[in-house]
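Pasting the structures here.
Note that chain A is present in both complexes that follow, paired respectively with chain B and with chain C.
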Partner chain A sequence: MLKKDLGLLVLILVVGLVVSILNPRFLSPINLGNTANLIGLFGLFSIGAGIVIITGGIDLSVGSVFALLGVVYIDLLVGWQVSWWLATIVVVLGGVVLGAIHGFLITRLHLQPFIVTLCGLLIYRGIARYYTNDGTAGFEYGQSFPMLEWLTAGRTLGVPHSFIMFLVVAAVMGLVLHRSVFGRYLFAVGKNEEAARYSGIRTERVVAAAYIISGGLAGLSAIYLAMYTRSISPASHGNFYELYGIAAAVLGGCSLRGGEGSILGIVLGAILLQILQNLVNLLGIPSSLNFAVMGGVILIGVVADQQLTRLRERRSRR
Partner chain B sequence: MTPPLLELASVSKTYPGVKALDRVSLKVERGEVLALIGENGAGKSTLMKILGGVVEPSEGAIRIDGVEHRALTVAGAMAAGIAFVHQELNLFDNLDVAANVMIGREPVFAGPLKLIDRAALAAKVTPLLQRLGVDFDAATPVAALSLAQRQLVEIAKALSLEARIVIMDEPTSSLTASETARLLKVIAELKAGGVAVIFISHRLVEVEHCADRVVVLRDGAVVGELARAEIEHDTMIRMMIGRDLKSLHVPAERAPGDAVLEIAGFRTPAHAEHAIDLTLRTGEILGMAGLVGAGRTELARAIFGIDRPLGGALSLDGYKIAIASPRDAIDHGIFLVPEDRKRSGLVLDFSVTENVSLANLKAVAAGLIVRRGAERRNADERRAALDIRTASVDTLVGTLSGGNQQKVVLAKWLSMTPRVVIFDEPTRGIDVGSKSEIYKLMRGLADAGVAVLMISSDMEEVIGVSDRIVVMREGRIAGFLERAEFSEENVMRLAVGRRDLQAAEAVSC
Partner chain C sequence: MNKLFATAAVTAALVGLASTTQSQNKKTLAFVVNGASDFWKAAEAGVKKAQTELPNYTLVFKYPEQSSAAIQTRIMDDLVAAGVAGIMVSAVDPKTMGDALNRVGGQVALFTTDSDAPNSKRVVYIGSSNVDAGKQAGQLMLKAMPNGGKCMGFVGLPGADNARERIEGVKETIKGSKIELVDVRADDIDQTRAKRNVEDTITARPEINCMVGFYSYNTPRIYEALKDAGKIGKVTIIGFDEDPITLGGVKDGTIVGTVVQQPYEWGYQGMKDLAKYLEGDKSFIPANKLIIVPTKIIDKSNVDAFWTELKDRQGKK
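For the complex of A and B:
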């Protein structure tokens, strides 16, 4: 475990302790369960955001991907009466395809990731709204998918399945990022793309793969979010969620310059962000200050991290 | 009698362990063209940096109009009327000519907004452009100009600063013959206007044509001065070379064998007009000499698959091979130790282990997962074999010395089976001890049957280490030298060459 991750864990525990003292309801099973569910929902795509950031890129499109794939998913289930597992595969693959398009535009046409995914953000949102005539997509009365609902929104021993899914994905991606050949290439490309190329790494494929992973995880998240909200108004569904993902990754130690970050850090970042949201509710802070609290904590975190790094460097130089 | 415009009195510059300049004295008079020549690393750029106020001399004095300065500052040099036309131009692509010429000194309207008075700007710049006889106007965006035209913008900028000394560093290195002729005309123009020009060039033909006086630098010291009547090609070459070279040569264990890599009709994007033919043989260190910008690195990059060649073919052991990426080159056993190891050779924030395995990670992986134990053992073996001095293979490469970093780059390749290894400036910025170790490693590779191509701008290294030398000039192969013909003079003759004189004959300053 890196020092950074340890610091984050301590911060989570301290914040948790303070909140639970001020409002004991924080530790109630209902609150913990709901918070864990949100951590799972937001954590899933934060991992994708982090992997893209490690290559030195950015993915701004995921919030709109949730709206687009969400309405498609519900239409497949409701309008087309497609079996739920087929619809699930189609939507996850849809995310993969969108990620592949981003990867292609970035590595083959050499467009900037910010611009490519910003255009994605605008385009997918627009298509989603057009798809439903700006109406809300939802399930029909009495329609139910017991297996799908159990998998996405169910709980085992009070632990929400979204949270379990998040931990499973995190474990797999942790293995990929920190133990696999591909993970090593990802860090090498993020740190020094030229040296990676001179070492025979096909850097373009590595970068494209990062966007594909981000897209695939966005597809998976789209299903969990759709089953959580159960109805989707495409104009607002998933708005700003890409920023939650980026915030969790940055809070978790991913550098926007690339080459730095860990899955554990991203997991802890996602947890801290949801605890902060929860704290706003529990402590009676006006919910309009929600974003301000989040932004403030990230800013303080980044400044503290930078100052500590400087201090350590100064000490080691002596 | 008026004092000389610029005088350097016994200026020295010492860097830790290196004497870059050794008691250099020279004078520049008004309206004089002084050419400064010397090999790569003779001290020309240090001298320029001192005149530009970027570097402070360790000893000596600089006198401008007889006023003595211990050192110049950038602002001081500008105020004294010293202006540079750099090898790499310092222009803003996104602005027009007028804005570039007057950058930082724009005429503004009165008022708090300091709006730029565009009419006044153009009115100031246009006469300067007319004086230089250029074929573009003040409103042309710099992005639309050719390299030669951009140089003229730099000169206009110098004139706008009322420069009295214009220093041109390799101004003609990327110009065509007719562009060169025009530049020489502009130099004559400046001279007629009383401006002094310090002209640094490897192209001795141009020096012959336009210099009033030549100062020759070698190993940081002035080794001679030639007056107008004495400026002659062969004399200059003789003065540039002729130091004692220590012998570094370790004889090969066996005579060079068969051709390994044959390069036929290769054309690189940098010098599209010249096709290159070259054969690398097993057991041989082929040294590649040439002046900076002769196209050697470009050739190496194209062979290694970084840049696509425009044409030509490669064959390995007589079989045609296609190299579209570094991966293909590596799979064929063709490795490159790049010129800039910090940028292209290493990931500085990675450990020694991670750098060593980077090009061949699959060899230490079980399926998709890296076996860290095997990876570490491999790195430890390479560390012992190459004597990489580091406390542990977990150390970040960025903290190692230059020599050890270079050994890590080598270790990366030597954990595979090399057929051809191209070294680009293998010992640049490396201490003497590590240098000889790297030469030994190169010889070891050659003796093991690998073909070694060593690109080097260090004359001592080229002559001392190679078994055969190929010299490049302006994108083409100027000639080959066998061991018996090795001498600094022969290498320099090929490197500098006698250019087609016709274009240069057309003008004289």
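For the complex of A and C:
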């Protein structure tokens, strides 16, 4: 565990402690379950965002990907009556394909990741809105898919399956990033792409793979998000969610310059963001202050972390 | 060969597009909405119906790419530049769009709908009274909870006029009764947050025994969160608008009732009145320049009839 992660964990514990003193229901199993569910929903794509950031890139398109793949998913289930597992495969593959397109444009045509994924953000939302004719895609009243609902929105012993999925994905990606050769390549490319290329790494493939992972995870999250809201108005579904992913990754220690970051950090970042949203409701803080509270606590945490690090460095120098 | 075919198809499509937007000699009337949603589909159906009765006009229906005042203003300026004769608009933000609305109203006949801009150069407002809608929801609450209750409201944008007026109407009606609207939680039109607000309320405020969904998607999110928590039937639900989940809940009795607006009538009446106005007939305009199309209470007794009519108007069979 890095010191950065430790600092974040302490911040989460402090915030959690304060909230649970002010409202003990924070620690009630139901609330922890609900919050864990949202951590799962937002954490899944945060991992993808983090992987891309580690290579020195950025993925701004995920929010729109949710809108597009979400309406496609619901249309496959409701309109086309495709079996749910087939629809799920189609949508996850859809995410992979979109990621591959981003990777191709960035590595082969040498476009900037910011531009490519910004265009993705605009294009996918546009297509999603065109697809439903600006209407809302949703299930009929009483329509249910027992198995799919159990897998996505169900709970076992109070633990939401979205959270379990998130932990599984985090564990796998943790192995990939921190224990595999490919993971070392990701860091190397992010730190210094040229040096990595001269040392024999096929950097283009590594970068493209990062976007494919991000796209695939976005496809997976699209399903979980769609099954959570059960209704998608493509004009607003997932708006700005890419920022939650990027914020979780950066909070978790990923450097926007690339080459730094850890899966544990991203997981903790995602947890902190959702706890901050939860506390606004639990403490009865006016909803209008939601984002202000989020920004305030994060800022205080980062400043405190920075000061502590400096103090430690000064002491060790003596 | 294929390429030739594609080019021909594209050309044909472009020509078709051009001919529909610029048919000569006919005056064009435009209906500009404030954002994309199913809600406006019914208004679109009303406009289409009006089109069949107004053969001398071309009616167009415009959705802005985003619910932003700037984009909506651009659309209206473009329409004026293209030579439309009249515009009916649901302004995104009537308070800050005064200049834009006056500019448009100075050049063409301008009606407002849905959200009014009383201090602008608009000819007339045709739409609901959201205060009345709130009062009707308040009546539903009084009827459903004769012994009183503690209610939590859920809304997208609490500062928006329609939300404020609906909340005001509810509060006015339940004043003096044993029913209390404790708080209204906002979600900025993010449905994930809308559902989590309900979940968090169930956890944080177990004394809440009634929930009100002020925006169309709020009521279904309330229904689903309560269902997941096994609290359907223990909490009284009252809604606004006509989401299919809301109507389904009204039908099977889990939702007390919902208050609906009549966007179909806005589109239909609005376009016909706009044509009348352009032909010089101003007799339909009341002194206060407000034509209120009443909102309706939908409960178990009339939900079936309403739903059939709605599906027909939204083109969903």
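Methods note: the second predicted complex is superposed on the first by the 296 of 318 C-alpha atoms of A that agree within 3 Å, B and C clash if a C-alpha of one lies under 4 Å from a C-alpha of the other, contacts with A are read in each partner's own complex, and residues count from 1 in each chain.
Basically, a residue touches a chain if its C-beta (ideal position, glycine included) is under 8 Å from a C-beta of that chain, and two chains touch if they have at least 3 such contacts.
Here the structure is a predicted model, which is why all the values come from computation and not from measurement.
In the overlay built on the shared chain, the residue A:Asn34 is in contact with chain C alone; chain B does not reach it. Of the two partner chains placed around the shared chain by superposition, chain B is the only one that A:Ser180 touches, whereas chain C remains out of contact.
Of the two partner chains, chain C is the only one that A:Gln277 touches; chain B does not reach it.
With both structures placed on the common chain, the touch criterion links A:Leu289 to neither chain B nor chain C. Judged by the touch definition given at the top, the superposed model places A:Tyr141 against chain C, while chain B stays out of reach. Annotation for chain A, partner touching more residues between chain B and chain C: C.
The touching residues of chain B, counted against chain A in their complex, run 304, 306, 325-327, 329-331, 336, 338, 343-350, 354, 358-359, 361-362, 365, 368-370, 372, 412. Taken in their complex, chain C has these residues touching chain A: 35-38, 40-41, 63, 65-67, 158-159, 183, 185-187, 189-197, 199-204, 217, 220-221, 224, 228-229, 243-245, 247-249, 251. On the side of chain A, the complex with chain B involves touching residues 175, 179-182, 184-185, 187-188, 191-192, 194-202, 259.
Looking at the complex, you find that chain A touches chain C at residues 23, 25, 28, 30-31, 34, 38, 41, 126, 129, 134-136, 138-142, 153, 225, 228-237, 239, 277-278, 281-282, 284, 287-288, 290.
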